[in-house]
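Dumping the structure here so I can ask a few things about it.
Residue numbering begins at 1 within each chain, and the chains themselves are lettered A, B and C in the order written.
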């Protein structure tokens, strides 16, 4: 990647992006402020999934379980500990996500590609059903509602989470995660993962304990996905089983493919692109001012129809994603 | 005691009936996987579209049986188109891309159906009305008929595989695609045909199942999950395995629903899946290979 | 690497040791190159087979003999060059179309369909459009006359046959296509001597019927016996070409291209 070879370029682009994102909540209207914050959170989820898809070559449809359990873990902390403590919420969320990840990893990493994808999907549904039906603990269909904690370090300071502060907190966490994941993928460990993606048999033949690497990859991926879940819980103050449904995993994979797998920042771009298009299509398909030009018939059509078609077209014609396409175009 | 026995008998029949429909759905899925290594995430949506076609055709013709045949044929053709447009371009690429493509299709089809038909679920009326007495309960004849019909379709297909020329072509292509081509078998058409057959089977299940519950755009999701479990437990690519696994899982779920709620009964299937993965990951009903 | 325009030793240019006295060849392979990923396997293979002619292809392991056969069968598409069959370029055709033109392929590891019975294996070639019931029965009869053991085992799954029997089946299966040429890839590999002589007889019988054979082999005596002409391949190119009658087993040429 260009960024690896030219740290100056990377850091300049990174700084500019960060600057823009820091300033965003101060200049954007309410709706778009929330939008950017949410894009960051979904972007983090997609990034975590990229570790598996893009770097290890394992497509997982189970990320909704990691995300969801991070969310519910945070919910549990925020409902049970008094006063509501941000760090305990983080802890609970990460532990819950890690637990699920360990469970999934144990079974799934023994299976090759297609079986792995299906099993992770089924596992995320297992958790969905458990959460959906354990109404006593999880609120079942209705989910859980709770209050936002304060951004506090006991004894030092305590700030209320205004939308701006929340945004900056999310930004800090996501940016930090990105840098950390970048470090990981460029480390010797990351190199082995990529070698597994290229040619698993050969990597094993050389002597690497491939299964163990995969388990660690799934765990790491699950942790970051859970982190995204915690952030979502804090931002929106509710947890619902819908987020554990496997369609969320599917959408995560879509962000990855659209943005470009194996790039870490691609998935964030993919999430932004997808969510922006969703917004645009939603407005397009509900607006009545289109009646005169005969597009009225499209009212009520979900944005997922054209988006799904775009996704399929990209899988066929632009499998390297938006970022990959841009990279090639820039390299001309 | 007699009451419990009665309940068990009823659930046994329920289990077999659902199992046969599930077997029909899973057969298509495992067939497609066996011959072309494609995991068809859109299979549930083909079932759903089949059910909706059934609704439409029933309204047009007034005959359930005509609707069943028409829906099956229409969706089979649609399946062939779907294969040629989205999956054939992906031949030779990383097999995971087919998972992505079919997943995309499932999203598109689901939401398209939601848009076209609305969120209110539709009804298909049973073609065979009437019950018979089973342990103080009125058990619908239709359910029994469905079990036999599904078995008939699967059986008919099995015979087709074993006898005719096309059956040989399909089996040869499944066993060695390259040599099948070298023997002059038009493999690209065989693959399209198999996908169409799988789609048709899914559609037929959708119509048959229609009278049980309602027809709505999300009905595919339920079936695809169980179908995947069946295919993994029965052994990918094994027709017999799918049938046996489907019946076994449906029976277990039916019995479980005597004690827990139906939405929780699916946990039984999950447990079976986990046990299979732990003990015989290639499938319970398949000979353990190297 | 010698280029396509340079003269090669011992008359491997077109026209020398001409096989058919001016009649167009049944099969003509002209300068085909092939790649597998980054490896360049065939560097411009050129050869010809006339109608009803048995032509041998000799060379060490890994020089591209099998790849050449696969290119003719359409299983590998050459990156350059052309394969011409009965005057028609076929390199762009799909393998099943090539087979239907009358090119039979018997691969190195036999690759019979293991879960199909012997009869079903034969039917993969028999059940073609335009072949009537009577013709099918006739073809089946012929095949069973050549290979009585197959008639005996006709209901058995292909995978349960012995190595030699599977080889018979693979050849029989190709014959059901009524081919004008059969591509044989190392048919005697791993077979007992008794079976080897059977293979020799079958090749002879095919030739007598007017079926051409392109025979890839490591077994030199058999190839010299069966073939009319021999091509020697090394490093993805045809390096030498001679009439089989001009060669004997201890020929220095043989040692040069097949010796250890």
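Here, a residue touches a chain if its C-beta (ideal position, glycine included) is under 8 Å from a C-beta of that chain, and two chains touch if they have at least 3 such contacts.
Please read these numbers as outputs of a predicted model, since none were measured by experiment.
Taken as a graph of touching chains, this assembly forms an open line, each chain in contact only with its neighbours along the path.
Of all the chains, the one whose CA centre sits at the greatest distance from that of chain A is C. Mean C-alpha positions place chain B and chain C at a centre distance of 44 Å.
Inter-chain centre distance (chain A to chain B, centres taken as mean C-alpha positions): 32 Å. Chain geometry summary: the mean Cα position of chain A and that of chain C are 55 Å apart. Annotation for chain A: no residues touch two or more other chains. Residue positions of chain C in touch with at least two other chains are not found. The multi-chain contact residues of chain B, meaning those touching 2 or more other chains, do not exist; every residue touches at most one other chain.
Across the complex, chain B is touched by residues 59, 107, 110-111, 113-115, 117-119, 121-122, 125-126, 129-130, 132-133, 247, 250, 253-254, 257, 300-302, 304-305, 307-309, 311-312, 315-316, 319 of chain A. Every residue of chain C that touches chain B in the complex is listed here, in rising order: 73-75, 94-96, 99-100, 105, 107, 111-116, 120, 123-125, 127-128, 173, 177. Residue ranges on chain B touching chain A, taken from their complex, read 37, 39, 86, 89-90, 93, 95-97, 99-101, 103-105, 107-108, 110-112, 114-115, 225, 228-229, 232, 236, 261, 263-264, 266-267, 270, 273-274, 277-278, 281. By the touch criterion given at the top, residues 165, 168-169, 171-172, 175-176, 178-188 of chain B touch chain C in their complex.
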